[in-house]
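Pasting the structures in now, so scroll down.
Paired with chain B in one complex and with chain C in the other, chain A is shared by the two complexes that follow.
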Partner chain A sequence: MGEPSGPGDGLLSAPLVIEYPFNRTTGPVIGAFLTGLRDGIVTGITGEDGRIICPPVEYDPTSGAPLTTMVPVGSEGEIVSWSWVGAVRDGQILDHPHALALVRLDGADTAMLHVVDAPSADAVRTGARVRIRWAEERSGSITDIAAFELIGADA
Partner chain B sequence: MGNRVAVIGVGQTQHAAVRGDVSLPGLIREAVYRALDDAQMTMADIDAIVIGKAPDFFEGIMMPEGYLAEALGAVGKPFFRVHTAGSVGGSTAIVAASHIEAGVAERVLTIGWEMQSCSEAMWALSFPIPFQQQLVAGAGGYFAPFIREYIRRSNAPDDIGVLVALKDRLNALKNPYAHLHEPDITYDSVKESFMLWEPIRYSETCPSSDGAIAMVLGSESVAEATAAATGVRPAWVHGMSMRSEPSMASGRDQVSPQAGKDCAADVFAQAGVTDPRAEIDVVEMYVPFSWYEPMWLENLGFAAEGEGWKMTEQGATQLDGDLPVNCSGGVLSTNPIGASGMLRFGEAAMQVRGQCGDHQIDGVRRALGHAYGGAAQYYAMWVVGADKP
Partner chain C sequence: MSELWTQPAIDTSAIDGLTDAETIKRVRIPASISYNYIPGLAPTRFLRGLAEKKILGERCQTTGDVYVPPRGVSPIDGLPTVEQVELPHKGTVASFCVVHIGFGVNAPPTPFCSALVLLDGAAVSVYGPVQEVPYDQVRIGMRVEPVWADDDALTTSFENIKWWRPIDEPDVDAESLKGHM
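Right, the complex of A and B next:
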């Protein structure tokens, strides 16, 4: 068996570029969460087992039952797990090295993935305390949380 | 056939061009709740879930069944996705029913859905594949030449499509769930509507809809117990069949594809139907472009070749005709693509169960649900009836 022939052997190739817009509707729960972010409030939702799920979900992740009891959670929390982004590429949220982290806000039982703006990897640890840094202009998007910052003894 | 299967719950969403009031999972849940309520069940009663939709590209979510699993209560349960383009709603119901036929489940929830407002599905089908003619025609442009060929072969008058569209849109006025409600529609308004893909006019074309349908299927013992509790008769599955053929097969007849003929022959043989026009009381047929009503009447064996348009012209397929077709308003009035086939199957079951309200036909004993998809290459059909097979 020889190697498969490629374009360099005189066979034709052509690009297939697909650019295509999509829309999303948020529904009542995610919609309320995003509206809350715009107003500077983070909300979770009470699961069937009483846990506060944040970001909220419309349906219980175990039973599928509809969830409706939304509750505000804190704007501070702790790092559950993290990874250091030492080499920053175009399009990333921060233009300098930072952490990607799972952050569990006070009052919530689940964590959300976001950015922690920390001076170095040495400053970040599981269990570190963080606080939301809100974006100056908010529109109802997860990026209304510009980043998390280390606070207290962790800062 | 294996174990007996019956439809014991049906629920559908309010269909619309844009269901901006619900999330994608919320849209589907609306149908699921109604089906479970109809069967007087909860999610906990369900043994397995079979879900179908058209290409993932329509919403831009790869393998959305995974994303939907928690919202649909599928955690810890068998959960299976079916994909056969536009016929998928029918195929999905058949795969769901086969779980019960095979004896591996007693109560199966089956779901068909599409949220077309997430994109523009017609053009999603037309992206520019290298080295192929770029038609930018959408589905209607693909089917128009085969409709033209049907008209040539059958010598049908050129307004048969207008009659089909007018009938289906008037029927939709009797179906509160239908997407299009056009109380002012007339023969003239259809005929004067914009020629989109000759010979298909704008008003002879299906809309683009957000919507979902769900059904609860039960085994014989479950169906009997549920009927006793709800007072609504089960719609027993008398036969179900799927067929497909390659879109570009040499010698293929795109006007009356062999796969459709074979699928109909199989489903009628299973149901013991030898004279479909006499023995089937009502049909829910996949008619996204008006002329497909007479074309499928022939393909399915309700009319001889070249004679289908006469049934339409004579009013046989109207609500008061001898073979009412698409009493719900059909695909011409509501088209969430991945749900459209199951809407045909579900509406057939609702007719048998007497649940159709203003578009109910009296005394339905046997109904055909029909779906097709792709380049008229995928077929799914079932016959449901009031009597236990």
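Right, the complex of A and C next:
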């Protein structure tokens, strides 16, 4: 244990990390989605009503029927909703202030949650166009999308 | 490898460029929680004692029982334990189990014996591995002593006691250990 860094006089303190090393199976749909991210392609899935759901889900959100038809969607889209993360906690994928946003990619009818690497909250607005910034090394993870970036004059 | 799931096959024919090779089937998603652990006043006194190879318990004002590690309050009367007691470096195996599945960064190679050791004069037992004896020869009532880390490696940690080992003394009657786990 280390010397005191917290409250109280002369109290010891020490870092304590509790970690659960989950190893999850993806299933075919999420597996294909993550494989696509690794290959630089974002995929959605076709719902029973023809809507494109992205990120894909395994079962139709309305009827519960299994869904199987996967389609590509764009790597650009628009912000549907967002909030500003001014104080960044450890373990976030960006280490500086950024937006957390719901982004509806072109060709998709639903939105995904991801980070938007914007210079300030003033630069972000609902409806703003964004594009994917891919990670340099991709492994089949949602963080293969390093961040979304604002497109054009909005930045 | 056997199938990891049973779900309808998916159709990815509309997606150009999706590689067939090595589709993602498993992902590691560790969930971790980081604490800054502050043990409190009485455990701090205990841990500082360990740095000097002292095992310090604290006595209940009502029953006279000595608690180690101390929490600063007696679980019997709810009052502060104000008297500090230095306990001897001798104890008795009050209970034990044999561990066959390794875990933790400092655990001995499996199989090993993890024991509750009732220090002489204490009311409750402390945990620790028993080494320097085959794991299948550990028994309740066996007399043991702590094996300490080297002096220059002592810290304010219970890991200063690397393990417990048998000493050449007659076993303690198991009946006398009841209620002290």
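The definition used in the following text is that the second predicted complex is superposed on the first by the 134 of 155 C-alpha atoms of A that agree within 3 Å, B and C clash if a C-alpha of one lies under 4 Å from a C-alpha of the other, contacts with A are read in each partner's own complex, and residues count from 1 in each chain.
In the analysis below, a contact is a pair of C-beta atoms (placed from the backbone, for glycine too) under 8 Å apart; a residue touches a chain by one contact, two chains touch by 3 or more.
This one's a predicted model, so the numbers in the text were calculated from it and none came from an experiment.
J.: Check whether A:Thr35 is in contact with chain B, with chain C, with both or with neither, and answer first, second, both or neither.
T.: second
J.: Per the contact definition in the header, classify A:Met70: touching chain B only (first), chain C only (second), both, or neither.
T.: second
J.: With both complexes overlaid on chain A, does A:Pro15 touch chain B (first), chain C (second), both or neither?
T.: Both partners.
J.: Comparing chain B against chain C, which has contacts with more of the residues in chain A?
T.: Result: the larger residue contact count on chain A belongs to C.
J.: What is the contact status of A:Asn23 with respect to chain B (first) and chain C (second): first, second, both, or neither?
T.: both
J.: Which partner chains sit in contact with A:Ser141 here, chain B, chain C, both or neither? Use first/second/both/neither.
T.: In the superposition, A:Ser141 contacts chain C only.
J.: Have a look at where A:Thr62 lands relative to chain B and chain C in the superposition and call it first, second, both or neither.
T.: Only chain B; A:Thr62 stays clear of chain C.
J.: Where on chain A do chain B and chain C both make contact?
T.: 12-16, 18, 20-29, 58, 66
J.: Any idea which chain A residues touch chain C in the complex?
T.: Contact set of chain A toward chain C: 1, 5-8, 10-29, 31-32, 34-36, 38-41, 43, 45, 58, 66, 68-72, 90-91, 140-141.
J.: Which residues of chain C touch chain A in their complex?
T.: That would be residues 4-5, 7-12, 14-19, 22-41, 43-44, 47-48, 155-157 of chain C.
J.: Which residues of chain B touch chain A once you look at their complex with the stated criterion?
T.: Residues in contact with chain A: 18-26, 29, 43-44, 57, 59-60, 70-75, 115, 117-119, 124, 127-131.
J.: Report the residues of chain A in contact with chain B in the complex, numbered from low to high.
T.: For this pair, the touching residues of chain A are 12-16, 18, 20-30, 57-66.
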